[in-house]
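Which chain is which? They are A, B and C, in the order written, and residues in each are numbered from 1.
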Amino acid sequence: MENVTPAAPTPDPATVLDRTGLDALIRELAARGYTVVGPTERNGAVVLAELAGADELPWGVGTDTDAGRYRTTARADGAAFAHSAGPQPWKRFLHPPRVREWSAERTDQELVFRAETSPAPSYAFLGVRPCDLRAIAVQDRVLAYGARPDSAYTARRRGAFIVAAECTEPGAACFCVSAGGGPAAGPGYDLVLTEVAEPGDHRFWARAGSERGAEVLAVLPGRHADSRTVNAARTAVDAARDRMGRSLPDVDLHALMAGSRGSAHWDDIAQRCLTCGNCTLVCPTCYCTTSEEVTDLTGDHAERWRRWDSCFDLDFSYLHGGPVRSTGADRYRQWLTHKLGTWHDQFGSSGCVGCGRCVVWCPVGIDLTKEIPVFAAERAESAAATGTAPEPRTAAPEHDGGLA
Amino acid sequence: MATAATPAPPPDAARRPSLAVWKLASCDGCQLTLLDCEDELLALAERIDIAHFPEMSRRSVDGPYDVSLVEGSVTTAADAERIREIRAVSRHLVAIGACATAGGIQALRDFADIDEFVSVVYARPEYIDTLARATPAAAHVPVDFELRGCPIDRRQLLEVIGAFLAGRRPQIPSHSVCFECKARGTTCVTVAQGTPCLGPITHAGCGALCPAYDRGCYGCFGPKPDADLPALLPLLRRDGMDAPAVTRFLRTFNATAPGFAVPDGPGDDEPDREAAP
Amino acid sequence: MSHTPAAVRHALTSAPPADAVPEQAADHPPAVYRVQYRNIENDDTVTLALDPDGSPLPPFAPGQFAMLYAFGVGEVPISVSGIPYGAGPLRHTIRAVGPVSSALHRLRPGDRLGVRGPFGTGWDLDGAAGGDVLVVAGGIGLAPLRPLVHAAFAAPRRFRRLSVLVGARSPADLLYRHELDRWRERAHVAVTVDRPDDGWTGNVGVVTALLNPVVTDPSHTTAFVCGPEAMIRHTARDLLARGLPSRRIRVSLERNMRCGTATCGHCQLGPLLLCREGPVVGYDRAADLMNVRGL
């Protein structure tokens, strides 16, 4: 974890927090000016909302998920972070559904543009799962690391304080391990928590990943890390690695997607696909937007807004009087081949972190982990027929240093 | 389908463009949406000459008009003639609401015997002169833009008028209601609660009102252009709807819109009368 | 494992955000330009010569595009059709097809508009140095090629022969007619139309029919092709058949560009983000992608 700034060598911080310590963390972050956002249960789902205290966390709420299905369940251990990825990704806060980009005034002869100057909100995210931490890094590469970074995203991202929560309870639709991640938090957090929900001693092992994380940790009430807590935390995360509900096949997906453009299986998926766009809207890395011109009735003031868009919208590919991707098969193909394939070409990594949201929140339960093997089998078959080797699992690590 | 407005220059700045509001067979709800624009109505009246709007004023200026808003469906021979006259005096014709864009509730007659209805409902059936079908404006004349909804959405109406004034394309997305649920942060009622919902095949525009109150979408805005009903049917059945229930679900405000056509659905019979297990 | 690239970490954790949106930011507002003059090219097409109201945008290369903003109507991507040398104006040739292009088409001298850019790849004329330069244009596709022709004229010793082949629907649709006559003095220029009018004495038919006399040394020829996608495909296939290497066929492609900054996702053609890897792409990269329906 080479990006972790060494913690200040000041007094060894208490690194085991109990429920009171977690509450203190929320209040400390709020006192530092952050709007604290984290999971809470609403209307039968664990959603992301502003938190005033630890009481609002979804204690004892688990989830029972499958393709196209999500239900909350009661957990006997009372765990607060043992729910899999919920209906909302964090992009809702870093890359909001609607943002004003600039405005324009017209007078007799003048035209004046104004950049957006409203200050970016300063969020503290509590309980970012490791898959979502990776998703934030994926969006960073698109929106913050290009030659022309998006300043609205960058400002929100720069201000965000991230408290990750390692995964001890993967859902039935989770496949982060086969997507190159895992239940342990990678780099990018300010603090990371690992929950140990033992009866009578419900606690969280906390570590800092940045200087400001260490500062916050230093003032929280808690106790020093003991080996029993550390071992229990590590064991739970290790066990989670082996309990993924789903997996992607072990093939070079980048090559598989490029080689499957002509497959007839897209039509088969399109028979089931509603082209409703839900998969893209819940996906934590899908970043597409469109621009809207907003005018008032006076006609002298105009604003440029952008809003979430989706490759499933017919108008998305509008060109010269009609859509380029006119069929549902065209649009599903665009989504999946971009996510798993051409994302590598464009941004140097896969666009998928294996959070499982697209599987769970697709109303008709289209499951990419079931579709990809079909393409892989087709390719293997055609390779066998022509005597060429199918896509090998090449060592294609995500780029760390830049765009391809 | 919301058709793209033809590129036309914005109206002459020196002259206020004129607006006319017309009513065919309808409940008046959509044209009342214009009166409901309380905060914007004064600004609107400054930019536009509301030349003909009987619901608002007895003052009526003869056409031609720059924009006509037409509410209601064509259900009589007289209205079939009137919509042609309206088209003839209108530079831009905008059909507003489910009636004018898809026939509306009164198009339920399309699935039944109108003569039987008339004889059962009216004491003096001979006074009733009506067509067997209720049809949208576009079935009779070219329409420049169709604004969906039962009733239409106030912000969308202002957007269409504002876009006309600015000479730009109205930003009325034709994607699913799911986009609006996700934008407002509403958890999917189908996935999380098993509630039957037409949202995935319904044209956005309402702001995803019903799911925000834990109810499934009723399809007030009609099918989105690429609505795939056959893909949704298994879901509605899973969530407890039998065939008659599915038919009733789809046959409300936009019953005759092609995207909501029930496959192998009952034809001349009332939905309720279809045999169900 | 996912790693945030070092430079991102720096961008995201270093100095606090400046108050102003940086000039290179994706969401930076347009620069204000003023219409200096307006040339009517044909019934639906004009060329606007634009001067900056304040400081000018960075220089455009031939083949690059700008997002042109009509107040209150919106933005469209338009390739640059004339590049300022010294203090000259920036030129854009605009065909009125939608609300925004129609609004731009209506602008008059003195009117203001917004310009963002330059965006995308250029034609890369340098790559043709030492060999023959072949320009093939269909319809409005001549506009992005015009600054390329000018650049070739400006460095005559760098190239052997310059050929300009132009196709249009009808004589009335031809762009830069007077200029084409002047080009004939320094280049091989051939024009063809699909539908001749009464006064037309020139070629009739597709633009590929003009290739015969100009492709004489295919391995030392670089082609620059712009027009409707079908015309590009036909031209490129013809050139390949004549022996041009596919990477020496440079084509300009179009998709629904909304941002110009590779942040909105709209202009994808398979692996390419056409506002960043395009609009000018080598046919070696484009061929397979152009042959997939609905990509």
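Rule of thumb we're sticking to: a contact is a pair of C-beta atoms (placed from the backbone, for glycine too) under 8 Å apart; a residue touches a chain by one contact, two chains touch by 3 or more.
Quick caveat, the model's predicted, so the values are computed rather than measured.
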Look at the interfaces A-B and A-C and say which one is made up of more C-beta pairs in contact. A-C
What's the chain with its C-alpha centre farthest out from subunit B? C
Give, as an integer number of Å, the spacing between the C-alpha centres of subunit C and subunit B. 42
Rounded to the nearest Å, the gap between Cα centres of subunit A and subunit C is 37
In subunit B, what residues contact two or more other chains? 166, 168
Mind pulling the subunit A residues that touch 2 or more other chains? 293, 295, 299, 302
Would you please write down the residue numbers of subunit C that are in contact with two or more other chains? 72-74, 97
Enumerate the contact residues on subunit A facing subunit C in the complex. 2-3, 99, 101-102, 104, 106, 109-117, 120, 133-134, 137-138, 140-152, 154-155, 157-159, 180-182, 186-188, 210, 258, 261-262, 287-291, 293, 295, 299, 302, 304, 306, 309, 311, 316-320, 324-327, 329-330, 333-334, 337-338, 341-342, 345-346, 349, 353, 398-402
Over in the complex, which subunit B residues touch subunit C? Could you list them? 5, 7-10, 166-169
Can you list the residues on subunit C that touch subunit A in the complex? 1-9, 11-13, 16-17, 19-22, 24-30, 32, 53, 69, 71-75, 97, 110, 112-114, 254-256, 258-259, 261-266, 268, 270-273, 276, 292-295
Quick check on the complex: what are the subunit A residues that touch subunit B? 42-45, 47, 68-71, 87-88, 92, 97-98, 271-278, 281-282, 292-299, 302, 307-308, 310, 312-315, 328, 360-364
The residues of subunit C that touch subunit B in their complex are 72-74, 96-103, 106
